[in-house]
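Following: one structure in structure tokens, then a few remarks.
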């Protein structure tokens, strides 16, 4: 059983961060809230999301699972303005979700979750931890996208740097320590990542967010951030690209 | 003979509501104003429009006919800002229309009206009459478009409902009596219509308009509304889709 | 050697007016500023541009040449907001340009200028000189574009007129003397030009500019205007189309 009301902004931030990696999602719901663990089809990136029931205007649920087509949720969002309350109700008998926004009711069949795996989130030890306002990265990523299909993330005790280098051109965004929210880094650290995945993740994160980048040497990066006013927590994991020398 | 001045907003609302159904129009003009009756190429919908001479800033005409390409009128509108005065003058000798906006003069050949029929607007007795702010419907229609290629309009003494139902999904916009401007309906009434036509009509109607929906059981719907500050009257007729049970 | 700082608006106006005619540009730089003379690939139009060093926030240079891909400069502009300062530095050793906007550094290889000609700007005697606010022409050109692939510019002692005439339609923009900034014209003058070139030039000129049109009879037109607050001077030359009677 699942019945809840939430602000359209909250649903929008969930749809944005999840649809970066997958088209259909299996949300697990229990009395405490809603969660999702999923891997993208190419097995390069992972999302681990939890939205506490306190992020909802109203929430009542027993253990259940919802298979949802994210494009259809986006259609619902197009109907609503910021501040609108969206009501969701699982119709277990007919295996569908009924969504109400103002006078509009949208009913959608649930998607089968049979083939959807339950990925294990790996426990990584990552040497550097960089906290930064997402806006700083969004500006830099725009400049970097056309240069190359990979991007290197670099940290040292003085600051953080993203570098994208092509055959003839290079873009670098350098953030010295004083432009970061915080920096915890003892040695020089560097990993290389696929540009498209990293760029899509950075763009999906709502402005106003402080992003925590957990970085190692040729290891996956873990991006931690909060949505829904701190009542939702998201982790993105992205596998590194191994460089050929 | 035809010579007139009108506000660009007035011309825009005429072009918007007419071009929903046809590309070229035969406007009939007499000393009282301008009128048009036309059927779309597939003979599914009809428009009956009359603009009183009082809607114009200046108007002088004898009985005449103008065959106009609506895309060219739209080009003229792109030139003008809201509040601009557009001057039109028929050049009978050379069979063309001369339009002036500010310092720009646009001359266009008239389109032959030989093949354009003069449809008779059928006299329908429709049981229900629903008056509603167009904005209410425009929001609902956006949600309904992707669901199905038809839409049902329903009325009963309690209110009005639009329903679009596909194989797996459904959208309904329910407007109880108190959200309508007025409702005159004794029994439950329902007709089904092609989505694309209905949606294009609803979208073409200017915001701020009160729309009167005249609805029967498996009968055409007639949409009545005013443009040009009440000095223009428009009727859309749309044929029903007959359901296969 | 070249090292300079300039406002992003200044760089934007240079990129806009130059990229109308060419994709890659050879800028000549000396202690007084930056200049460019170039012909479009079809040899129909020419640009002659000079930006004084006073247009820069900071400028230090010896005689040098920079071959630049204008699309890459446009990418840099996308990164910056109005008011941002852009820093440019030639790296002579590695034959590249290093551009810095805020925390972002963009490095680009210079383009070879070997094949780029140094066109001579012809010395024309043109009988009429029309000064006009660019906005007047931009509105008219929008109306004229769809009518024909050429446009005639006409001047006489009473005013200026642009006319575009197709098989069935005509657009004219008539600016009597009192709507011009100034008019110096003794006899009736007329030349015909290719629409696409003339339209692209008119659209590339920043709003707020007073354009000086130097016009003759079946002669090239020269468009003179200033950018960068009067510290940059641009001349466009456009060859006439000879009419077949």
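Per-chain numbering from 1; labels A, B and C assigned in written order.
One rule holds for everything that comes next: a contact is a pair of C-beta atoms (placed from the backbone, for glycine too) under 8 Å apart; a residue touches a chain by one contact, two chains touch by 3 or more.
Predicted, not measured: the structure shown is a model, and the values here were computed from it.
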Residue numbers at the chain A-chain C interface: does the shared fraction exceed half, giving same, or fall under half, giving different? different
Suppose a student superposes the Cα atoms of chain A on chain B; what rotation angle should they report, nearest 5 degrees? 120
Taking each chain's centre as the mean of its CA atoms, chain A sits from chain C at a distance in Å of 45
Which positions in chain A touch two or more other chains at once? none
Chain A residues touching chain B - in the complex, by the definition given at the top: 72, 75-76, 78-79, 102-109
For the complex, give me every residue of chain C touching chain B. 136, 139-140, 142-143, 146, 168-175, 179
